[in-house]
Every structure is written in structure tokens, then in C-alpha cells.
Amino acid sequence: MKVITFGEVMLRLSPPGVERFVQTDSLTMHFGGTEANVAVSLAQLGLETAHVTRFPDHALGRSATGYLRRYGVGTQHVRYGDGRLGLYFLETGAGSRASQIVYDRVDSAFSRITSTEIDWESILTGADWFHWTGITPALSQGAADSLLAGIQTANRLGVPVSGDIVYRSNLWQYGRSPQEIMPALTEGCTLILGNKSLFSELYGVVGSTFIEAGRAMMRRFPTIKYVTDTKRNSLSASHNQLSAKLYDGSTVHKSRVYDIQPIVDRIGTGDAYMAGLIYGLLTFNDPQRAVEFGSAASALKHTIPGDVNLATVTEIETLEAGDSSGKLRR
Amino acid sequence: MKVITFGEVMLRLSPPGVERFVQTDSLTMHFGGTEANVAVSLAQLGLETAHVTRFPDHALGRSATGYLRRYGVGTQHVRYGDGRLGLYFLETGAGSRASQIVYDRVDSAFSRITSTEIDWESILTGADWFHWTGITPALSQGAADSLLAGIQTANRLGVPVSGDIVYRSNLWQYGRSPQEIMPALTEGCTLILGNKSLFSELYGVVGSTFIEAGRAMMRRFPTIKYVTDTKRNSLSASHNQLSAKLYDGSTVHKSRVYDIQPIVDRIGTGDAYMAGLIYGLLTFNDPQRAVEFGSAASALKHTIPGDVNLATVTEIETLEAGDSSGKLRR
Amino acid sequence: MKVITFGEVMLRLSPPGVERFVQTDSLTMHFGGTEANVAVSLAQLGLETAHVTRFPDHALGRSATGYLRRYGVGTQHVRYGDGRLGLYFLETGAGSRASQIVYDRVDSAFSRITSTEIDWESILTGADWFHWTGITPALSQGAADSLLAGIQTANRLGVPVSGDIVYRSNLWQYGRSPQEIMPALTEGCTLILGNKSLFSELYGVVGSTFIEAGRAMMRRFPTIKYVTDTKRNSLSASHNQLSAKLYDGSTVHKSRVYDIQPIVDRIGTGDAYMAGLIYGLLTFNDPQRAVEFGSAASALKHTIPGDVNLATVTEIETLEAGDSSGKLRR
Amino acid sequence: MKVITFGEVMLRLSPPGVERFVQTDSLTMHFGGTEANVAVSLAQLGLETAHVTRFPDHALGRSATGYLRRYGVGTQHVRYGDGRLGLYFLETGAGSRASQIVYDRVDSAFSRITSTEIDWESILTGADWFHWTGITPALSQGAADSLLAGIQTANRLGVPVSGDIVYRSNLWQYGRSPQEIMPALTEGCTLILGNKSLFSELYGVVGSTFIEAGRAMMRRFPTIKYVTDTKRNSLSASHNQLSAKLYDGSTVHKSRVYDIQPIVDRIGTGDAYMAGLIYGLLTFNDPQRAVEFGSAASALKHTIPGDVNLATVTEIETLEAGDSSGKLRR
Amino acid sequence: MKVITFGEVMLRLSPPGVERFVQTDSLTMHFGGTEANVAVSLAQLGLETAHVTRFPDHALGRSATGYLRRYGVGTQHVRYGDGRLGLYFLETGAGSRASQIVYDRVDSAFSRITSTEIDWESILTGADWFHWTGITPALSQGAADSLLAGIQTANRLGVPVSGDIVYRSNLWQYGRSPQEIMPALTEGCTLILGNKSLFSELYGVVGSTFIEAGRAMMRRFPTIKYVTDTKRNSLSASHNQLSAKLYDGSTVHKSRVYDIQPIVDRIGTGDAYMAGLIYGLLTFNDPQRAVEFGSAASALKHTIPGDVNLATVTEIETLEAGDSSGKLRR
Amino acid sequence: MKVITFGEVMLRLSPPGVERFVQTDSLTMHFGGTEANVAVSLAQLGLETAHVTRFPDHALGRSATGYLRRYGVGTQHVRYGDGRLGLYFLETGAGSRASQIVYDRVDSAFSRITSTEIDWESILTGADWFHWTGITPALSQGAADSLLAGIQTANRLGVPVSGDIVYRSNLWQYGRSPQEIMPALTEGCTLILGNKSLFSELYGVVGSTFIEAGRAMMRRFPTIKYVTDTKRNSLSASHNQLSAKLYDGSTVHKSRVYDIQPIVDRIGTGDAYMAGLIYGLLTFNDPQRAVEFGSAASALKHTIPGDVNLATVTEIETLEAGDSSGKLRR
């Protein structure tokens, strides 16, 4: 099983523990990006993965590559060139104090990607899944074009495509709107992560409930077989409740609700869900189990420092089976 | 708006995380002192502040000055001289294990202050508030005398004065009792932080409820316009509930109750309340809002390592408005 | 009061905080072993202790000795020789993610101990208690033989003996079964920590309740005066409930139930109970108080990093008296 | 004595010790910028300083302000606005391995400065010195314009001006050449740090020796009273030799040569020289002593982590007086 | 260009900086093994590499794999199975205090390898070089047999083979002597790293000088085209001098002598030489340049923490060209 | 062999590496005191030791005890009582920047010792050596009296006494001069560490050379059999040269000169010499070897972080034998 992901990877810099930026003198390094996070999670679950991206050709770009490799993601398709390494600064909150992110990703090497730089044909040949998110087309025309080429190649090669249609309004700075760009990308997708307000805002597709909105999306984009979403109840920065649902065209499969306390690191928990769901759909012939596996994966990610889910199949299955006792394993 | 504070600043030394002294090999440095903590909080809220104190004239005294400056507190009135830097050793507890403090502040440079060393006239001219606490007069005759001179100067210049009349019996070692010293300091105060048992013990002012005791204080000390106090319910070292109330001569304004879990650092949370309250009284024409703002400030302080509250106005207002969800802010 | 303990001490290596092995680049060192953990706890409580063990004769073996000495345990009976230092790698979990241990203790210097290496006569003369656990006889014939010699010497000298009959099936690799070895070790014990399923599995002693099983044990092993056990309800890796009970031949003394949140370090909490109980039995003439003291000791250990309980008598008594408020102690 | 400096301040991120980027998981934070480094040095020497710059209006910009304040630099003239915080990544070398810098400063908040944003009149009124470097005009038209306005205001107010005419060719990206920009900035300077090849390249001013080139500069720019330069002999990343010379229109004053081993941090050592020289010129009426003081300051900076020189007057004078014994001071 | 290496990889644990084991409470993690060190170096130089080894199938074995991957070494041929992860404890010295190693590698997963476990045919097909050392056959019969199978397969496929015939007498514990095992492994080697005393001890091949001994080795083992060795002059733990020589059957090519001060990490510097030499022989058609490149690579390794050389081709060529100035590179 | 030492132990707090106080946010903990340093060194060399001191009865006093125990020093004679724990703050220099100490030891628990608190009779019975320094009588009358009682008891019991007559003028604050106090302490000493200017200043004993001054001391104090001193040539904070000499009444035995570079930690190197010398005098019947052993011990201490020498006999003998190559020991 081989999964290809495409998107920017940023250097994440955060103070130790729950210190604030104004008081810290050192920063912990992680690397992350929503699509690469999915790739790392899937690599931990034992799938073959490769992440397609573009890094600056200097020591920090090489460090980013090393990070992906360390966690088992194939980096043979990484391109190196001009531009900076995208960064984000994360201050981790606690209790009633929210975590905060300062992005510093403008004009990154990734955003300077051009549509002809990636040889999608060779990359996607033999792949079993291709995953993208709404962050990529928001970054630059080149990124949007490259992505579209990737999705269309996947379609031609019969590779299933998942899209997390996350929309961050402050990213779309290059002169195009998501309404112009997103529909073409959504064509040919098999699985969409989103909710009814996004469907309405991005595509004008409306539905008063998740199921109706999902059904409407499937009518508008006939290749879509699954629509999924997560639900988070934020009680505090240290305490959340989480569940997920998956509509397969006939049934909405709902996961159990996880009560998550304490939260070690909330970043990348949505990507952990997506990775778990993709793993489930590729591995089990059972949408209910796939959504349960994805939710358990996401719940476990909350306990792991960094952007990426380093949980194993065994750990996820233990939690999915209802054992959240955290009993010492010798 | 300019606020002047006066008091000792100590070097705080604590093991990393929740380690115990007997097992640690390194100590984390912070600086703190109840009055300076108020100044730092107010500086974060955007007010101009200056802290008046006395440090030893060596590298550690300079480090203490640097700490105050880093957080925006004016240090132009700091005096340097003989004596040591006061210290305290803090071991942070968790759950059922209490935090512990070992004080080592005897004969500090601050306690050697003399009443003529501070030019209160020039310091307080143009100030909008002066804050002191019951720690200062407990340290030495010179500290008590200097404080009295400051309060009287403030009165003469029409600068409102707040006093947190905290009483630590083991501090009063120089031959005077708080009953001899505190009344003169309380004369001319605008705002007092204390409770009925303190009022009774220090001044012989009795009242069976907070409101009655407050009323009695106002009769005894006619300049007092506000009496305030906080209420803490300690469920464990990691879980507290907190609220505050403010009596303005007619009404007791009560804040909402904050459920605080987990507690990152409990030290300085009372000072954070005081700073928030002073900010509120200076900024809003609304005692209820001031006490709410102070309580929210104090609640947030529990999530921040160190003695000082590094929360911003926006963060406090968000919490005050009822959003304790801790949702990631991008 | 002097307590002698006997068993292996391992170097414990764990990533900082709640990091996973695959992501960490440094490891925190502690040392621990179930019997030595009891000795350290008792030393913190003010008793004289000495731990009998065998370390490799190199810098790491010397470091292990230094660790025991740091916490007040006598190391005059430590032997040095060939073999490795036993290790274990601990990954600390959080919430729904369990802590994990990878043991690496095969062929340790301790397991190479021979029955004639220890001069039990001189060690136990003047001792007030001797403690062992079921880990030791599982490691090697030499360890089992040495232990048996120790217990028999204690019996001859009239030193009370406690045994925690913990059974780890994967340890018994040297060709003997616990059913062959454990009964002779249990002869002559005064106090046994275990439960009815262990009694049945190891000795064929059955009883449908704790009290009945305890009574049956006392019939089978007439020297036993106390049977004890702890009960843990694992809600998550960060949240447990704990209590203990002690049967003295007539009554089952039950402790209060501690709700423990957050858990800083769960390792060694059973040993902390055992140490507290031994202290209680040696110090108070009151089994109920002993079991309460042991339970409070164990509850506090959950808040302390490392394998060993560094709580003091005062702290334990405060908690035992019902004060779990974690209020700052100045 | 009050010195004003103007220029960009960057967040410096470096691996601990001499680790390489590809192997590190954490970064140490410092802040630095050639002009601000001069201000910090001067503040340590006891002068009043204020640094004029522009930071992004977020937590990291506020951290940069806090850094300057911590070391006593006035930040009352800092502007906040759009744009990023400039960064640089420093890998510290050792022996034959060179230190390496990756700059990431494009489109910083500072480079977005506009010439009307700074109220030079009020800032420079009462100042005793104004310092700039060739980095600033290389960053953007707005930075060059702002600087020119500052220099001209200083001239009008009679404030002496020093310029370090460092030229980094890769910085000049906004369409103007240093040959177009630098001459107008150099008009009205009192002190120039540069060498004959720079004089030739930037201004077409030639001279076959330092003294002749200096004389030619003074003819071309009649306000110049001093021309200075440092000389570094790099034996390895850990071992350098350093000296300086100052031409005052009649004599070349040469400092002693410092043999520097080991080098703790080479960054900012030129700025330390400049600060020491400015201090010397402002304080001693003796060019020889000024250049000696500057050289000793620079030599000491090599022993101090970070960009800024935290040496005191006493320490510099001790070294200047020939005592490089490093004897413990109690 | 693709290089295959084969051998054990150990977890290296060392105190921070130059602390001693008896005083440290934390350990820094690296992974290393002489053959894998060669692979990592070559990967940094841009060659394709894959390391063949056997790890335990648990989190630490997976961490070891991640370490190799992070630095670009292919891990597709790593086997997982029973046994422990080999460890070594390194205390880094300084000046007159020597570094010390405590090995703890007995019965590792690697030593349990069996000769049929590795599919050498597929691994070595298409490879350009195969490297082994004398550590491997010292560990177990299975390791020796596996290695012999690898060398013979390489010979059959025409892949050049290098052997570092390092001899550690304390390793050979499984009943065979190096004199029995090494000759068959040396058959078919192209390049041998060793000296005349080793040649004599292991093979009875004698020669009174390096060149004569090399010539004798080539007569005894006709496939050998190169014999090489390094020479180290240890002035202190912080100061060494290093050079290398390469005999190609006609000429002894000697490198320049590097004066290395300070030494950051001496471990793996021989492996760095070997990697540089292999790179040189594969890339340049010039034995002199190859030995110079190898020596420069080794010299740089002394400045890099950990077992592996993270120097780049550019850095090595700069040093090889004589620039050891360590000048800052922007 | 059992050695008793007596004196204050202070908590040493220092920034990591070579950071300055004004820039650090954490401090590394060590404990040290000149006499206890001797005891720790001797314990590493395998002698039985016990240190007599007085600590405050709180967690930090207990930590100090734990520190001594960790390194094998007997703490059975430590007294606990009122007063503070003495502190000193150490900033470690490099190259031309000197290390700096800020003492904060006034009114320590040790200085409050009373002459009747120590049962010297039982402590010194069976001892083979007693060591003191000139720090102790400088601290308080009680300390001086206790020391005198100890020396006199040692004399009565026939225990040899060594005194390091270090004189720090700023310590003598309690109203007595060293000229009043030191002679009585020096009576009955066997070995004195000092130089001719000290002999002259403290006792009025003059001699124009070391040998003449030593001879004069032996005339004045007939019990003295050895006079010793070290000689340090400070080239920089990172580079020293060190040697020692010992006069035994007939011959001056001089050690070789050690060139020490780099210096890791210079504190306690004199105490390391003293410990080595005492060990040598107790163990070898050869004054020359004793002074060589002491010097080698002192040279090694410069490479070890902290106040105490953790070198072993083997390491010292290796260096003493002339091997300063620092070659890796496996």
C-alpha cells in the first residue's frame, strides 16, 4: 500500500512546555504540514508513503527532509530550490489560556513551486492513494496548478484522491479566490473532509444537515464516495471531547466520543484522524471501523508532542477497542 | 497612565517541572516580589510602570533589574547598595503534593533601605497610582519608614494608593509589630485587599461579614473607597477554584468563579488579581467590570510559569467574556 | 530501626516529559528496583536502611551506588563483579496513551550473584525488618538461592520478613518455575503482598474473597501475620484511583480511596505503599493507621518523578489526615 | 551621555553548543543586529541608549523588544507594524569547521519602514551620538530614506554620527546600488569603519595604504574626523588574532594584538569594537586609549554567547591594561 | 553510486558535555556502529547507501532505524527480530582526562543474525561498493557467516569490497579466533584498512615498513589493490594530529597532517576517513586526492558531535584545499 | 584509612556553560566547600571519609547531605539546625574573561555552630587524618572554637592534622583577626598548605625562600612535618600551568609541571591537590610520589565540572606516569 501526499512542510518552533514567547530563551524544533502529517502517521501504521514538496536548498531544508525520513516517509520526490523554509511559531496554552500560532510562511520555497516541476506520472504510478488539503492551493498559483496536475494525474491513473478542504481566508493572497480554484480540485476526489458551511461557502452546495450536505456534495461531484468530518468540544486548552462521522452515500457512521485530558499537543490531531481514516478505508472493508480507527488515532495524537502522530496500529486498536485505561505496558 | 510600585524583588529558584529539591541538579530562575509582580502585569496590560526597590550592586542585582526591564517595567528608580539579593526556593507540587517555599531573604539589600534613600517626590509626581503590600513593612524599620514616606507623598500629590495588607507573622523580626506599623500605612489608602480576620487582627476593626468588615474599615480609614478580596477553593495543587469580590461602599461586586485545571504556576496569582483590578479601576468606570477583569487575569496567571502575569488585555477580555475554551488562535 | 532489602537495581532511561522513544534525542536517568525503592522510601521516612545487591564494577555500577547513597540508603553491603548493569527503558504515557517499558536486564551482574557471596549473618544481625519480592527469585538460580539464604537467616535471627510475591511470567527463564521456588521463600514471612489469584497460582492456596484467601495463606504459612494488597482503578494514564487493605488475621483494615490526578510518575507506587506499610507496622501499634499511611505514601509517590518515593513523614501524615488540598507551604 | 542607534534586529536561532542543524531538535534564541548590538554594548558600559527600529506587532516582535530592554537599551522609539520578524539561523563551528549563517530576513517589518515613520527630531534632540551601518540602506528604499533623514537630522542638531560602511552585495535587492546610496549617507559622518577596498568600491576613493585611503576619505567627506578598521587573523573557528587601528587625520593609533582562544561566539565582535570605540571617544580625550578600549571590548566579546557584548567597563579595562590571565575574581 | 554496509548499530549514551557518569542525571542519545558510520558519511556526501543490520523489534530498534533514515541511509534491508539493542556508554574526556567507553553489546539482536537471513543477492545487485569491518566477525558465528556470504556475493557480482580489519580482542567470545575467521573474509577485498602489526597478528603477513607490509598483503590476497592506514598523535583528549596514507601497489600517497584543536567528538573519526576514502576512490580517478579527501573528512568529523560525520563535500573540499581558517560563512 | 574533614558546604549556582548571569534563565547546582571537596576526592580514591558540618534543617540542607553521600562521604556527623544554607554564585569565564564568584554565605547554619555541638571524641576516635582550612575560623567565633576543639582532640588521639591556611580577608567579620586565631589552630598540625607571605602575615614567621619559610614554620610549630604549596601560572581562564612542591624538613620535592588546556572547571583544584597529597602521604611511604600524585590529581580536576574531584586512582596514576595523551579508553 503506497500513499502519496503533497504540500508544504514548515519548521515549527515552540517554547519548552507551556512557556510564553516573551519569556523563553530556547525553542523546540518540530516540522509539520497538514499533508506531511498524514504521511508520517501512515508510515507509522506501516504503509509505504512518499511526500512531495519543495524545500530550500540549504541546511534547514535538508533538516526538514531528515525529519520526514526519520519517521519513515519517502523523500525521493522532494525538490530543492530557491525561497525560504516556511515557519510557524507555536505557543502551547494550558487550561483557559489558548495556544497561539504566528505563521511566517510567505514566499516559501514551496510556494514558488511551478506546475512543471513535479513528475506526477512517475510519482503516482503504482500509488494506492493521493491526499491533498485546501492549504496548498491557497499559497500560490504555482502550488494550485501543481496540485491540480497531481489530482488529474491521479484520476487518470485510477488512484483514489482525498481532500481536506480546510479554508484559511488569510492565506489566499495571490489574487485568486477559493471559489475559483477549489471546485476543479474537488472534481475527481473520492473522500472529502469538510462541513456544510464550507460546502456552502466554497462550492455553493447547501444542505441543512451533515447528511444532506454530503448528499448534495456527491451530486455536485459524482466521484465523491465519502464525506467526513470531526467534531470537537473545547472545554479548555487541556480538555477536549472529540468524535468523527463518515457518510458513505447511504449511512452516517459515527465514532465514539473521546474525552481527552490532558492534552499534550493539539496540533495535527485532525491530520491524525485523516491518516487513520485513510488507513481504515484502505485496510478494512468496513466504513464504521475506519471512522472508529481514525477517531482513536486522533485521540491518541493529543498525547504526543509535535505535529505528527507517532501512534502504532496496536495502540490505536487498543483504544478503539475501548481500553483507555492507560495501564502500564511492560 | 503610570503606576508606581515599591517592594523587594527576590530571585526565585525552582527545580525543573515538578522535581523535588533532593533530586534535582539544576534550577530555573525567575524573579518575583508581590509588588513588582503587580508592576509587570500592568506593563503587559499597556500601562506605564516603574518599580522602586533596592538591589545589591553585583551581577545578580543587575540580572534582577534586567528581568523587570524585559517585561517593560521602568527601573530608573532602582537603587543599588550593600546587602544580599533576597532569594526563595520553590518546589512545585502536583495533585496532592503541595508546593513548598524555602525563603532566604534575611538581610537583603532591600531590607537595608533607609527612609531618605528614595526621592518619592520626583517618583510620584505625575503618577496615577501607587501600590504597596504588607510584606514591605515587615522586613525592616527602614523599609517601613520608606514605605510610609511614599504613601504620605502619594497622598500629598493626590495619587491613589492601594495596599494588599497581607500579614506573614514570621517576617516581623525587627522588633515592631504590625499592629504598631500598619495603621499609619493604611491611612490614606484608596483600595485595600484583605479579609475580615486581617482587619480584626491588624486594626481591631471587626465586622461579621465581608461587607460589614469593609464598612467598618471605611469608617476607621475614611480615604478607603474599595475593599477587595479573593476566594480560593483548593481541591489539589493542580486544581483550584477562584473568585473575587469588591466592595465599593455600597455594593459588593462578585466575579464569576473560575475552575482552574491544570495549574501551571500558582505563585503570583493574587498579584495578578490586584494588577487586573487596578487596571480595571483606572480604565473602566465600572467596579463590576474591574473585579471581573481582575479575576480573569488571576485565572490566566495560573497557566503561566513564573511569578508574573504575562497575559494580555485581549486574552483577559476573552476569558472575562466567558470563553475558556482554550481554542487554538492562529 | 533498621531495614534490609535485597534485589536488583536497574538504570532507568526515559525520554523527557511525555516524548516517545522514536522522537527523543536524550534520556533522563533514574535508578530503580522494587526492593531498593522500598529502601529509599524508608530512608526518607527516617529509618536506617541498607540495600543488598550486586553491581558491575564500572562507572555505571558506581553511579547506581551513588544514587542509593544520595537518598540515604546504606550501600556497605553492595557487591561488585562481572556482568552488566540491568536497564529498563520507560516511555511515559498520558491520558489514553499507556506508559511502556522495554526491559533489558538479562545477564545482569545481579543475576550472576552466587549464594555464598552475601554474608547474611552479619548483614541481618541487628536488623528490624527484611524485605524481598518475587522479582529476585525469577532472575536466576543464584538470586533465588541467595534470597532463600537471606530469609532463613532472618528467621533464625528473629527478623520479621516481608515478601511482595509479584509474579512476572516472562522473567522465569532459568529452568525453574515459581511454583517450585516460591513456597520455600514464603515460609517464615510475616507480611505478604499479593492477591487471591496469585495465592492460587503460586501456592495452590484458594479463597473466594480476600479475607478467605488471606486466612488460607495463614493456615498454609503459619508465620504470616499480615496479608495486604492494593487496588487500582485506572481511568487513564493520567488519572487513577487507589486504595489498600490489610488483613491481620482477624480484621480487614481498608484505607480511604485516593483520586490521583494528574499522575506524574506511576512507577514505584506499589513499592511506596509497601514502604509506608512497613514503616507503619514498625512505628505505630495500629494496623489501620499503617495501611492508611502506606496508601497515602503511595498516593504521593504518583506526584514524584522517578522510581522512588521522596515524600516525608509530614507530607504523608498531612495527606493521611485528609488534606489533599495541595495548598502552598511557606 | 546618550547614544541613538538605528537598524534591523533579527531573531537568531542556533543549535545548542556546536551541533549541526541536521542533527538538532532545539534552538537557542538570541536577538541581534549590528546597530542594536552597539547599543547593548554601550548600555552595559553605562551609557544611556535607545534603539530605533520597527518590529512586527505580535508576540515575537514584543520578545525582541523585551530582549533589548533586558540589556538596558531604551525601546521607546520602537515602531510596530506589518511584515515579519527577520531571522537568521546560525550554526556555530569549531576548529576547522566554519560557523554558518542562513539569513531569512526578506520583507521584514523593518524593511517595510517608511521615511516618515520616525520622528528623528525628537529622538535625536539631546543625543550625543548616532550610529548606523551599511546593512540598513541595503534592505529597502524606505530603510535607506529613513536613515538618510536620521543622519541629516543629526547633522542639523550637531550630533556626531558614526557609520560602519559594511557592504553585503547579496542584500542590495531593491533596485539601487550602494554607489548610488552610500555617498549621501557618508556625508556628515564623524567616524567611519571601513577599509581601503571598500572606500574604493563604494565611493571611488583610493589610497594605497590605510592612512592614505583615510586621508582621501577625509578630503572627499570633510566631516570625517576618524577612520577606523579592525584586522582579524583567522587561525581556526576557535582561534583568532585581533587588532584595530584608528586614524585621526594625523596619526594612526594601533591597538595591541589579542590572541583569542577559545572563541565562544564570534558574532557581534566587530560591533563590540565599534561600541568600545564610541565609548572611548565619548569618554576619554585620547584616541589611542579609545582604540585600545574598543579592541579589548571586542576581544572579550569572543568569550560571550550571543550577538551582544555583555562585558563591563571594569572587565574591559582589566584586559586593556594587559591582564588576560583570566584569574578567578571573588 | 550505491554503497552497501553491514554491521551492528548501537545506541550510544553519553553525559552532557564533559560530565562524568557518576555525576550526571541525563544522557544524550546517538546511534553508531563503525560500518553504519561509513554509510551515514557517504549519504552526506551524496551517494546512495543502504545499511544491512538486524535490530530488536521494539521502540528502540525502530528509533535506531529512524536515526539511520534521518541521515539518508536506506533501511529497506534492516531485519527485526529477537535479542537486545547493543549499547555503549561514552564519557567524553577533555585535556588530560581520557574519554571512556563501557560496552554493553552482548547478545544483541545483531549478534543473533543467521547466515540465511540476508538476501545478499538482491541487496548487492547494482551496488558499487561493499564495506565491512573486523567488528562484525568478532560478535558471533552467525555474524561472521553472514558477512562471509556478503563478501562472496559481492565478489561474484563484481562489487568492490573494503574491509577495516580492526581487531578488538575482548570481543572474540564465541569460540573462534580471528586467525581462523579473518583470512577468508579478506579474500576478495579491494581495499584494506590496517597496519603492519595487524597484518602480522591476523594473517602472519609480515613487512618491516607500511609499504612492505602492504606489498606482502597484496601478494597473500591478490584482489587487494589498496592498503591504507591513519596515523594519530594524541597530545591530549582535546588536541590530536592526524594524517593518512594509501598504498596502491606502486606508491604510498600521504595526506597532509591536520592539527586538530579543540576536539568535539573523537568517535567515528576513523570511519569518517574510510567514508571519505571510498568516496574519493569512487569519484576521483586519483588516489592522492582520495587520501587527502578522506583525511580532511576525518579532521572535520572531530568537530561534530556524535558518531557520524555530517560534513558536506563542499566543507571537506574547502579544508582539503588548505582553508582551515574557520571563517564564518554567510 | 579514615579521614575526617570539617567545614562549611555551600550550594554553588552557575549558569550553563560560559553564559553570564545577566543572560541566563537557569542555574546548574553543585555543592562545595574546600574541606568537603577534600573529603569527596578522598572517597573517590577509596578511603573512608566523613565530613563534619552543620546544615539548615530543610529540603536544601537535606540536598546538600545527599550530594555528599552520593560521592561516598559519610554524613553521619552532619548536624541540622537554624540558619541559612550558604550559597555562592559562579560565572565561568573563558579565554581572557575571568570566572567570577558572588558569595552569599553570611549567617549560614554552619556559621551558627557552637563549640559544644560536635562530639569530636567519638568522631575522631579511629580516624587516620583530620583536615581543616583557614575558611572555617574566619566565619564565626563558634566555627573557630569548634575547629580548635577538633584539632586539640585530634592531637590528643594522635590523629595527624592538615591545615590549608588560606586567608580571605573579607571573611573575617566577627571581630577577631586571623593573627589572634590562627596560631592556636596551627599548633599540632602535621601538614600545612601555605606560602611564605601567608606565614609572614598570619604568624610573623619569615623566610626568604619557600624552604627557609618552611623551616621557620617548623621551628615555630614543632609538630609540622610537611609544608606544601602549589604554583599556578594563569595564561588565560582556559589555559593554566600547575605544579606543586612539598618540603619535608630536609628536601623540597617538586612535581612535574602540568600544562592544562582547556580548563573545564577551575574551582576545587587546590582541594584536589590537598586530597591527592593526603592520600599519597597515607598510602605511599614516599613524599616525592605523594606530591606527584597530588599534582596529577589537581591537573585532572581541571577537566571535571563541579567543585569536587571525581578522578579515580587509576586515572591519576596514568597521568602521574606521564600519559596525558587523553587516548580513548574502551
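Note that the chains are named A, B, C, D, E and F in the order they appear, and that numbering of residues resets to 1 at the start of each chain.
To be clear about the criterion, contacts are C-beta pairs under 8 Å (C-beta built on N, C-alpha and C of every residue); 3 or more make two chains touch, one makes a residue touch a chain.
By chain, with names taken from UniProt: A, B, C, D, E, F = Sugar kinase.
Owing to the predicted nature of the structure, the values given are computational and were not obtained by experimental measurement.
The interface at C-E recurs elsewhere; of A-C, B-F or A-B, the pair that shares more than half of its residue-numbered contact pairs is B-F.
Most remote from chain D, judged by the distance between CA-atom centroids, is C.
Inter-chain spacing, taken between the CA centroids of chain D and chain E, is 46 Å.
One finds 62 Å separating the Cα centroids of chain C and chain D. Residue positions of chain A with contacts to 2 or more other chains are 17, 20, 22, 25, 66, 70-71, 100, 262. Touching chain E in their complex are the following residues of chain C: 13, 20-22, 24-29, 58-60, 62-63, 66, 84-85, 87, 89, 91, 100, 102, 104, 106-107.
For chain C in complex with chain F, the touching residues are 66-67, 69-72.
Contact residues of chain E toward chain F in the complex are 17-20, 22-23, 93-101, 103, 168, 234-239, 262, 266-267. Of all residues in chain C, those touching chain B in their complex are 17, 70-71, 258, 260-264, 299-300, 302-306, 310-311, 315, 318-319, 324-330.
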